[in-house]
Amino acid sequence: MIVSLVVVLPFAGAVLGLLLSRYPHGRGPAENLAANKRAAWFGVLPTALSTALIGWLAWENTPSTNVLTVIDTGGIAITVGLEAAELSVLTAMLVGVVALAVQVYSVGYMRGESRYPSFSAFISLFTSAMLLVVFAADLLVLYVGWEIMGLCSYLLVGHWWEERANSRAAIKAFLVTRLGDVGFLFGIFVLGFAAGSFRISDVMAADIPEPTLVLATLLLLAGVAGKSAQVPLHTWLPDAMAGPTPISALIHAATMVAAGIFVVARLYVLFPQPTLDVLGVAAAIGMLGAALAAFAQTDLKRVLAYSTISQLAYMAAALAGGARDAAVFHLVTHGAFKALLFLCAGAVIHHVGSNLLGHMGGLRRPMPVTFWTMTVGYAALIGLPPASGFFSKDAILYGLERSSSPIQLLLYGSALLTVGVTGAYATRAWLMTFFGTGKVQALPEPAPGTAHVFDGREAPASMLWPIGVLAIPALLLGFTDTGEFHLAPAVTALVVALLGAAFVYVIWRGAPERDPARLLGVFHGPCEQAFYVDRLYAAVFVRPVLALARGVVRADDHVVDGAVRGTGRATVGLSGLTRHLQNGNAQLYVTGLLAGVLLIAVGAVVLG
Amino acid sequence: MIQSIDYWAIAAPLILALAAGLVLLLDAFLPARPGVRTALGCVTLAALVAAFAVVVAQRGVRETFCVPSVGCSYVVDATTVVFAGLALGAGAVVVLLSMGQLAEGDIPVGEWYFLLLAALAGAVTLPASRDLIMLVVALELVSLPVFALTALRRYDGRGAEAALKLFVVSVVSTAVMLFGVSLLYGITGAVHLDAIAAALAQPERPGAGPVVAVGAVMVVAGFGFKIAAVPFHFWAADVYQGAPIPVAALLSVVSKAAGFAGLILVLTQALPGEAATWTPIVAVLAALTMTVGNVLALRQTHPVRLLAWSSVAQSGYVLAPIATTDAQAATAYLVFYAAMNLTAFAVVMAVPHDTLDGYRGLVSGRPVAGLALAFALICLAGLPPGLAGLFAKVVVFREVVAGGLGWLAVVMAVNTVIGLYYYIAWTARLFTPADATRPAASRPAWIAVGVATAVAVGFSVAPQLVLATLG
Amino acid sequence: MSRTVAALVTVSGSPAAMSVLLVALLLLPLLGAVALLVPGPLGTLAVRFGLAVSGMVFAVAVAVASLFDYSAAGRMQGTVDLPWIPWLGVRFHLGIDGISLPLVVLTALLTLLCLVYLAGHRPPRARELVFALLVLELGMIGTFLSLDLLLFFVFFEVVLIPMYFVIAVWGGEGRRRAAYKFILYTLLGSAVLLVGLLYVWAQTGTLDMVRLAADHPMGRTAQILAFVAIGVGLAVKTPMWPLHTWLPDAHTEAPTVGSVLLAGVLLKMGTYGFARVAIPILPEGAAAVAPWLGALAVVGIVYGALACLAQRDLKRLIAYSSVGHMGFVLLGFATLTPVGINAALYGNIAHGLITGLLFFLVGALKERYGTSDLDELGPGLLGRLPYVASLLTFASVASLGLPGLAGFWGEMLALQGAYEPAAGLPRELFLTFMVIGGLGAVLTAAYFLVMLSRLTHGPWGGPGPTLHDATRIELAAWVPLVVLILVFGVWPSALLGLTTPAVQALLGVP
Amino acid sequence: MHVVYPAVVAALLFSIGVYGVLARRNTILVLMSVELMLNAVNLNLVAFDVWLRDVLHSGQVLTLFVIVIAAAEVGIGLAIVLAVFRTRKAIELDRLRELGEP
């Protein structure tokens, strides 16, 4: 019962926020403020309540399942039910905390915004969708949450729709994930029909032949790749940064992108070795490529976006290597410190007024709190000892070292390399943001709907509190892991990371105002463009489809419709022809008559 | 031997013939006052109603003019009753229309009604005749008066020209038919239809096949002209446009019904054995007639010409079920068609215009005429709310499909669509808002519109009463 | 009048009451239409009179729904069986079951909402428009209720003339040509349908759908022939891919009310024909033709989606989207499994609601801006008309099949049905249909979002000319649809519970 | 004499009549050729009646009727030709085209 309450509460918050927050229908500044205040309450309160309930669930720690109804579709029934297992509660806790932090954070971030009510409502809707995915007991119910998450990411990324770029980014986000989701749905069908039911427990229990299992899980991988921005379908995440930063923090750092990994972890029993190898190879490529791309980005949020892709690839690699618990642990820690990094980046952008690293510098002194919390975040990202990242990354490396999967060497090698590159790009971003000469100049008031700018003081309290709250798990979560600690892999990882960081520091010391990314030299271009994958997809998929669409419209107009109009014109033409026979001459009529009789007579004789 | 005559059986045509004589006498002796014109009209109408009553009262099969060994010449059965009733009903409406026409005064009244009654007498005897001689005479009795009626309007070039064309084509087709009759007589040695059928049944005549086929075709040609089937359809539009509208109505309903009665009698009673040869021919003729009729009607702008070609197309629909040797469907369709067509002609008579655009906004100008014409056109198209037309089409479609002529059914489907185009084009004009001029029209014409529409609506609501009589 | 309806409802729940209600469902629009014909005071308050009549029809429909025995949704209830034309063997045979009940209620609702919408706008020549709408309602409800092949055909054709006049008189600029194309194309379809129906009659000798569905006396080739003929007739109305070119013109030129009814219900008569006439009466024919039906359906999905992607006019875009959605419905039918046919029926209702709402919104836009061209309606509609634009977003999202809204179940179940078609059907072929259908769904999402971004997003340059946002009456017409889309999205067993037993009875599955 | 002789003569007469109808432009001559065709029919009928030795003599009876019909037709035909001449001053059949398709 509590589980359904957890899912329904944010949904109720969303519905109330959308309908009631602007009840007197006024659009003036006074009503806006009142509406925003009411919307804030509709946003924060339900999320806080549901997080508390999740906390109670975690504390109680008794797995429970309750089934609301069973939908009989004539074929395989769909059981609408929720299941609270250990993994789900853990992820739900992460989702709850981050969602709460983001709701509180966006109250400050969106202070003067007229469309805040819909913004907070969509965040609540997203939270309930994510919780539905986490607690779903039935594959199709999971798919329902899965798709609603996709929609919410579309609505939220396109929040400032006045800008064409934001709207296009939102469409791209939705379509790429939707493409993945179609594969996901087909995977569910294969599993459902093989197991005879869509309930996850039945599917896990059923003995499904190997080849069907491989096919089903590969299809599921398509959905996972789409949602968790893995290699083939990762292009949408960097563009999704066009959305407001709290959204990037919630959806594109902690929760939605983690959903893919969560599903693989939850159905881990079903994943045969060949699928895991495919996942592993994609992860390996993704890890390294994303890290290099992160190193070459000029926009702070895109750095963090590519870092997310690389860290997710990390978790995928762990799963591929058989280290399921390490992957889940890293998922939780990454959720915490990446959300922290994004919120701090939000504060910095808030302060500087632009996302570009080039415009930042020397923010150590004006923004002390943000500086220290962001440093904790970066430490966790690189994997320096006290921070949680160190422990989770160590667990993964240990798992990869010992894994029995055929591509173990590739996974371990690329993991180590990525640790180094991660150290490099994290340090670069850290240095360019907080050190060097301050380049803050007051920018003109931007057109309505762009990021709000006020400099001088640090971010308001309502933004700092969530950052503070998130800093604690980012720092201490490492210690909660019960798994034993392995010195050897930890040390190697630490050394490699520090090596990368030191290398960048030395380059940066040489010329603080120049971008250390020149280290990449000739590779700088491709890395920044993420190896031109975007342009490839546009050329291979987008443009041909649009051309085909135009062709279809023309064809429809000329060929199909032409045929119809053609028959009409032919009939009228025929009538024109036969009219010539009707010229009024009686003798012509009689000739026609007699010729007709002759023809019929001949026909009758021949036929008879 | 004295042939006994069953006067009750031949009562209907007898009444009409006597009335014709009476009208002529009255016209000769009564002074030429306008009152006389309506009186003569009423006399004719009374005669028609009397004949109709007699026809309706006839139950069961009555035979007369019988030759002991061979068969009877005049037989009144269910189909004869329907055809006679149809002819008389249509005749009544035509008389109402002609009262309007005669009011203009340029047509001699006595002769008009005399010729009309003569033609109707022919139309009533034809369905009852069972031997070729009576068939030929009845057919001529229907045709000749109509030539005269067409040319009766003094100093009217178009009427005369139409009559001449009708005359030439009709005479030639009658000659062809008579030659066919002579051939059939030569081969079978009999004149009575059932005797011919019996004679053709014995197979021992060497080399008779082709001659019979040619003879049959030539006989069918005669009737083909009356129903304006394809090779014989050229005269339709010119004559309908040239003739006065009541005569056009007469041509399109009464003479067409007589033609079909004759055709059905010859094909189903005289030549059942040769069905294998004439059914495909009739099917092809039907398809051609529909298509040519519809196609030619597409681009018409003159209402009467459009109705002419539409009636040619409709006779195509009637011809189709005859190709499956079952005539009941054809008769049913004819009755429905008669009601719809007469309504259309009545309204065109009441509100005469030379172009379709003249009818723009008729519904707002004169709602009764407008709605009646719209209803008639939608019935002819075969769409609800014109249920009469729809059921007629369903009856015909059912026969054709049941008879296994799938291709003909598809051709009919396409033709209903082509047909719909010009019917809807005209109906749309009726409803487009425009300042409709309100031409004066004589009262009897309105009565005709009322009667015809009432009959058409009656058939829409309860088609059962027509179909029941067919048994 | 309303007293009698109330009396009817309170009559004990015996089956006789249901048949009385069914006859009332047909009688009310007919009497309303005839009353409008009588020249008199009704001309001025025609819309209000129409509202009253359609309100009563909706009340009776709800009464039927309440009296309906849901446990026996598979059985025909409230049957009325009177001889009409014995010579032809046509009987006035009505009945309602799980398949036709939702459609009847949908028709009554949409007509009511159309008249509510009209109440807010002063249409020219209101009397004729309301007359046409009532006759349309009669035709539509008649089609869903009739159990006699020819009665089905008569009602199937009753809608032609009124819809022709609705498009030809109250339509847009090219209305005359579009109206012609609509009526001629649809009549060709229904003429071929008539040939098919009569072929079935010629083969079996009976017109009664219930008996025909029970035993299948026809041979296999006869069934295939009949199915093809009936299928073509219904496919023109659905519309299926190659026979769809009348739809975009008819929709672009039809007035708002016309488009809503055309998309909301008229398309459903075609698909309902498959569920009631084609599949149950000709199972072997259906099995033989199903792969072709599936192929054309899937082509329709992708074709419709691509055509929408490059469309310049908003109404044409939504018309082509109907071609796409009907593709999913036909794919559902082509699978010949309970899941597939359930999906098709569900897709029917969902499409009726969603596209009805879409056309209402586009109609509102066209009235405010005088055009439905995407570039002229211009970017930033969310800024200028927040309510209309957000409802448009809601409807588009529902239409692209977002779970939690009505559109999703129809498509998902159709794909699920295609995954495992009926026994005799080629499995690999239907798997390719499923994949193409899935890609079609992505394309559907693509064109809707591109449309939304081009129309509602983008700079809107502050407060423009004071165009009033959705008025109270418009909202009254639209909100029921929004609520129903949500209800059927969140609680699908409301409808599936109704159609599943009927479909199992239909397919003879135990 | 074998029946084929009169039958062939009748057929020839008929064909001449047909030629006359189609070739001549003057309506009266067309009427005369139609009469020719009708007489061919009469010849045929009488020949068959004799050849069949028909007790009822239906052939001859029909011949009488045909003669009467021919007479009636000529009567009406000439009357119509007169009406046409009175209004059009010309009776060439192929020049009377006022009622043709526009």
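Lettered A, B, C and D in written order, each chain numbered from 1.
Just so it is clear, a contact is a pair of C-beta atoms (placed from the backbone, for glycine too) under 8 Å apart; a residue touches a chain by one contact, two chains touch by 3 or more.
Remember, predicted model here, so these are calculated numbers, not experimental data.
Peer 1: Tell me which of A-D and B-C has more C-beta pairs in contact.
Peer 2: B-C
Peer 1: Could you say which chain's mean Cα position falls nearest to the mean Cα position of the entire protein shown?
Peer 2: Closest chain centre to the overall C-alpha centroid: C.
Peer 1: Please tell me the distance, in whole Å, between the geometric centres of subunit A and subunit D computed from their C-alpha atoms.
Peer 2: Going by mean C-alpha positions, subunit A sits 95 Å from subunit D.
Peer 1: For subunit B and subunit C, let me know how many angstrom lie between their CA-based centres, rounded off.
Peer 2: Taking the average C-alpha coordinate of subunit B and of subunit C, the gap between them is 44 Å.
Peer 1: Taking each chain's centre as the mean position of its Cα atoms, how many Å separate subunit C from subunit D?
Peer 2: That gives a centre separation of 65 Å.
Peer 1: For subunit A and subunit B, let me know how many angstrom lie between their CA-based centres, rounded off.
Peer 2: Once rounded, the distance between the two centres reads 78 Å.
Peer 1: Find every residue in subunit A that makes contact with two or more other chains and list them.
Peer 2: As it turns out, subunit A has residues touching two or more other chains at 579, 582, 584, 586-588, 590, 594.
Peer 1: Check each residue of subunit D and list the ones that touch at least two other chains.
Peer 2: Residue numbers touching two or more other chains: 21, 30, 93, 96, 98-101.
Peer 1: What are the residues of subunit B that contact at least two other chains?
Peer 2: Correct list: 164-165, 168, 172, 176, 237-238.
Peer 1: Every touching chain pair, please?
Peer 2: A-B, A-C, A-D, B-C, B-D
Peer 1: How about subunit A: which of its residues touch subunit B in the complex?
Peer 2: On the subunit A side, the touching residues are 571-572, 574-576, 578-579, 581-582, 584, 586-590, 592-597, 599-601, 603-605, 607-608.
Peer 1: If you look only at subunit C, which of its residues touch subunit B in the complex?
Peer 2: Going through subunit C, the ones touching subunit B are 39, 84-88, 125, 128, 135, 139, 150, 153-155, 157-158, 160-161, 164-165, 168-169, 176, 179-180, 183-184, 187-188, 191-192, 194-195, 198-199, 201-202, 225.
Peer 1: Of all residues in subunit A, which touch subunit C in the complex?
Peer 2: On the subunit A side, the touching residues are 69, 71-76, 140, 143-144, 147-148, 151, 154, 158, 161-162, 164, 166-168, 170-171, 174-175, 178-179, 182, 185-186, 189-190, 192-193, 545-546, 548-550, 552-553, 556, 560-561, 564, 568.
Peer 1: Where on subunit B does subunit A make contact in their complex?
Peer 2: 164-165, 168-169, 172-173, 176, 209-210, 212-214, 216-218, 220-221, 225, 230-232, 234-235, 237-238, 274, 276-278, 280-281, 285, 292, 295-296, 298-299, 418
Peer 1: Can you check the complex and tell me which residues of subunit B touch subunit D?
Peer 2: Subunit B residues touching subunit D: 67, 70, 131-133, 136-137, 140, 144, 147-148, 151, 155-165, 167-168, 171-172, 174-176, 178-179, 181-183, 185-186, 189-191, 237-239, 241-242, 301-302.
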